[in-house]
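Input: structures, listed below.
Two complexes follow with chain A in common, the first pairing it with chain B and the second with chain C.
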Partner chain A sequence: MSLLALFIGFGLVTSAVLAIASVGFTLQYAVTNVLNLAYGEVMTVGALTAYVINKRGGSIWIGLVAGALSAAIVSLLLNRFIFGPFARRGLKLFGMVIVTIAVSLIMSNGLLIIAGASTFSYNFDAGPTFTGLGMILTTEQVVVIVIAIVAMIAVRLLLTRTKLGRAMRATSTDESLARACGIPIRRVTDAAWLISGALCGIAGVVLGMSVTGWGVFTGQGLLITIVAAAVVGGIGQPYGAMLGALLLGIVTSLVAGYFDPAYRDISAFVILVLFLLFRPKGILADVVAQREVVA
Partner chain B sequence: MSNAQQYYATLLLVYLGVDIIAALGLNLQFGVTGILNFAFIIFQAAGAYAYALTTLGAPGPGNLYGAGFQTYFWGTSLPFPLPFLVAALVGAALSLSVGAVILPRLRGDYQAMAFLVVSLIATGVATNQIGLLNGANGLSLVPKPLKAELGLTLSDYDWFYVGLTAVFCVICWWGVHRIMSSPLGRALRTVRENEQASLALGKDVRSLRMLAFAIGGGLAGLSGALLVGFISAWAPGSWVYAETFVYITAVIVGGFGSNLGVIIGVLLVPIVFGEATRFLPDVGQAGWIDAGQLIVYGVLTLVFLWFRPRGVFPERRVRYARAAAKRAPAGVATAGSTPP
Partner chain C sequence: MRKMRRSRWAVASIVAVVALVACGNNPTTTSPTALNGPLTFGSDSSFTGPNASFGLEQVAGCYTAVSLINQSGGLFGQQAQCQIIDNRNDPADGVAAATKAVATIQNFGGTLGPGGVATATEPVYESANITMMADTGDSAFNRTTDKYFWRVTPPDSAGGYAMAVWALKQKFMSAAAVFSNDTTAQTSVPTLVSGYKKGGGNMVINLQVVPDQSSYQVEAARVLAAHPQVIFTEADPQTDATFFKALKQLNNGQMIPIIGTAPTITADWAKAVGDAVSVGDLDKYYVGLQPYVTASGKAWQVFNTALLADSTQIPNPSQWSSDAYSMTDYDGINIMALAMLDAHSWKPTDYNSHVINVTAPGSGKTDVFSFAEGKTALAAGKTIRYNGAGGAVNFDQWHNYGGDFSANGYDAAGNQTTAGVVTAADVKKLST
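Presenting the complex of A and B:
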């Protein structure tokens, strides 16, 4: 029992990282319809930016903001110069997935050349350890969970309370109708890439905070689990992605704890394939169909 | 030529042949039929493992190769052409089973995604289940075909192997060429171009797709066997998902759907660009050459998709009506004949 609670506690930390990342992923997919396999590398860009600032003596919080900014800018540039032009031209026979995987390979190997294959870790005060409900969490792990909750509330407010959020939802539901209503699609798309990039960068930094060491391929390694969380929740649905992240974080943590740590990622891969094959609209498909709400 | 140069030359030629066979297979699936097989490399891997297991002999004590340092779940020792045949069959059978699950259900980006994840799962399982195929260390000391029987010197044997690869290569090219220029090849193209129209013409789209997928998988399996028969070792590191991307780049650069294009693509992508990066100056970063290779492949893919999406040597547009008219003897009305 105590072991179970312990694993769930670790799982919650993973869930928190996954939630930030997969909400960003799914938000960008909803608005732009691009399945961005270079997302993991954008995450690494954020994590590395924070690392550079942290190494120069800056606090990790400044690093977090800088990581979010740099990832947002990279994400916007990728769309402006690569994904956007290809998408507008229309790749009938190949699909955007080949473009994004090419970008992913270029970026990850470029980062490898720039940053090297070493392991990085952030420098910050490890505060007291919290225990409760059988879970043992360090301060940084609790902070990661809090950041995730704040980010989720921010996304919720963005989508429901702001003009931009409504425009994004409209674009995601029906792009041509949204265009006809006078919504500036280009600007909304840019905003979606910026916001998803910022969330991606935050996820990269908190991922770096939550593990003991990370490298240039850590973001890429988590990509499929992020996609799995998005697909489990129904791709394009931010609230679904939050739920998917919660489930995947806990399931992978239980697999790693009870079975074999080497199967942590593989269990996420298997869940993704099963969902793609048998329930491609995600666990919330019926709820969404009833309410006809696409956030 | 010195021995080292000879070895490099034979190795490059064998790679060329292996890559051509594999790329022909991928082209049949991806270029001709339009299946985004991002797991292509696992079928090559399956063929390579099949070849290794059918030549290494039963595992356990008493086995010259298996005793002590490598473990695998099963093994036997078959005479010369059989391991290659088994490898092709294993590649095709694995393709059939994976294809039967994924192909009917998923299209486009999701299909690619599912294949990519299958590839990652396969690598993960093969790496972590040590008893299966010796885990991350992989299988080594895989016997070379006819090595003992021929009794050639080291470099003569390498040149013999180049010849063997060439023979397989020509057979595969001829076979794929026959398929692509037959009515079957045209039917496969209709699946790629317009599935609905193909269905409306009464084509069994599902079986056609499976057939192309299985033949492509068989070619992948054979290419894997030829590769491991020469280099004698095979491990999960040899077939990470990025390797599939190398073949996809070759097909895109060469010209998808075109066999000649594929051969040019293989010459350009893994051979010219791949080997050229080896001669880049060392900047001191470990793994810089491999990283540089993948960057070059990624850039090539983007550049070609943007500027020349049909490749260096595009698929030829055949005008069937004119060809049919030419073939029909003079005076015989073609009005009554059924359209192709």
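Presenting the complex of A and C:
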């Protein structure tokens, strides 16, 4: 059994979950300029919705869709009723971060009251275990990786091939100019919250699928790694977030495997700090800069 | 002048408050046996969080003992009662809870515990002169000179040796240690590792796991790569369930024998791990080492009958019928109560030294198997030795007690079974 291959395999699963979550996180930040630290709780909403459906006999795939929808709606409502009004009053980035922290606390404790401190797990056929290239992955882990790949392709197509995607990119680059060009900013912003929420909900469900048990704080626990992946990729850069997720998933897995599992989260922090120090614009900074020059 | 008068008033007020607080805190300020209300026994353990079952098993023993004490007429003309002191398995919370208990509980006769965070909370009780019947396993108390600390269960360090003895008896010569990284779980590890090595075993990996992670695949892969014949473990139910599920998946569906510490012998742990790896595998591959008690005999019959009759205070009481800690905690209350009668005082400062009188063996002593029997014998002027539901306790000079251990598993119906016994002599061989 090659430990290196095994650890890379486990890292890929973590990367898959991280990629879905961090792309949603960074996409929403790019368009709305809100660093939403209640993102982990929205993940939990998605995971819990799927759990309720699954426990009532529904397929996990229906649960996945429902989880994405519920998280999208919650995300939209958060913007409409909390973040949006604060933004219209001129609250800047730091103040908004504090608001999102407050929302995070309210949501996590609210979820704790509603769902309890129990551990949850989905009922679905685990299927066979796949072995290849020295990796051992269960069916659900392979499925999680496939879902991540599909979601990433969908995000790319959305951003490059659709009118909405172009409008989102334009809003992200210069909101005033986009508005002057006739782009309906509010609708684009709503769409960004919905899409980000949907990706967040999917991430919550696939996280639940890939582990034995999860609770109401599991999403919150992953937040720092999601933020780290987004920062490593260059905050506001969806493709960078994908690369950031891949890097973090594999590095944290290798650190846990070869050093100590207690260093798993610490290594994510270290990578975050190193990037902030030496490459604050993220892994794709040069590519983005070149494109800007060309444009 | 006015300022001086004010400061005099202030000084007088402070003195009065200090005096009042002192009266509230120190039971020695009233006459020896006078009680102005119910006598309270504390139950200091974890009642919230992943280790909440520790508190429930402890207070089950307290409620059972207190109900029998009250049926026998109470103590010094008053009823006894239990007061939960929730340390939340956190040293800071534990100290706050213990400090509050010491400051606010009226007629505080003594406490069960402290449990898992005893190194932080024990000094609070010791300095307040409150007798403790501790169920902590922390090795820091193996040679304590603290006067009010009594440990009614063998320490975790003995538990570590017992696990090593059991593994060696089963001819498991290579092992992995998978313990969560909190101090409660880690306290067994040093003696487990040294004892196992001394007995000829090879600890191929000693892994500390971070509790409540969503995945332990990396940890499981590391353990499997080390090829152990057996895995020693202590972690909360969800952590061990997640870890062993990953281990089984990576090992082509095959389990490796597990030897757990006493805290793994709980219904929560068995359910979580059983669900994760299958109940059949749990029955086949798991044993946990805990202080040896037999769910039979005269003292146990008294305990069990009272326990099962108290479903209002103790939810699902039968789950504690053969629980070593519930039994010994029940014994802890009885020991304190009988020592009080022997000392003719409910105050720890008076009765604490009488704990030895009612527990140590000695010629001419009357063996008693319940509080009621002890009360009758003491009233008749006899000297007694209390034999509890968990067996007879014999404290050493450090107020510790080293007993036998049993290896407990589960049968197909989910009932606990005893696979064998590790004697105190076996433990001593490895520890010296």
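Here is the rule we go by: the second predicted complex is superposed on the first by the 288 of 295 C-alpha atoms of A that agree within 3 Å, B and C clash if a C-alpha of one lies under 4 Å from a C-alpha of the other, contacts with A are read in each partner's own complex, and residues count from 1 in each chain.
What we mean here is this: contacts are C-beta pairs under 8 Å (C-beta built on N, C-alpha and C of every residue); 3 or more make two chains touch, one makes a residue touch a chain.
No experiment lies behind these values; they were computed from the predicted model shown.
Shared-chain residue A:210: touches chain C; no touch with chain B.
When both complexes are overlaid on chain A, the residue A:157 reaches neither chain B nor chain C. Touching more residues of chain A than its counterpart among chain B and chain C is B. Of the two partner chains, chain B and chain C are each touched by A:260. When the shared chain is aligned, chain B comes close enough to touch A:35, but chain C does not. In the superposition on the C-alpha atoms of chain A, the part of chain A touched by chain B in one complex and by chain C in the other spans residues 260, 262.
Listed in rising order, the residues of chain A touching chain B in the complex are 35, 37, 82, 85-86, 89, 91, 93-99, 101-106, 109-110, 112-113, 116-117, 224, 227, 260, 262-263, 265-266, 269-270, 272-273, 276-277, 280. Chain C meets chain A in the complex at residues 181, 207-210, 212-219, 221-222, 224-225, 238, 241-242, 245-246, 249-250, 252, 272, 276. Across the interface of their complex, chain C is touched by residues 1, 3, 6-7, 10, 13-14, 119, 129, 136, 138, 207, 210-215, 218, 221-222, 253, 256-257, 260-262, 264 of chain A.
Taken in their complex, chain B has these residues touching chain A: 34, 36, 38, 101-102, 105-106, 108-110, 112-114, 116-118, 120-121, 124-125, 127-128, 192, 242, 245, 248, 252, 256, 283, 285-288, 290-292, 294-295, 297-299, 301-302, 305-306, 309.
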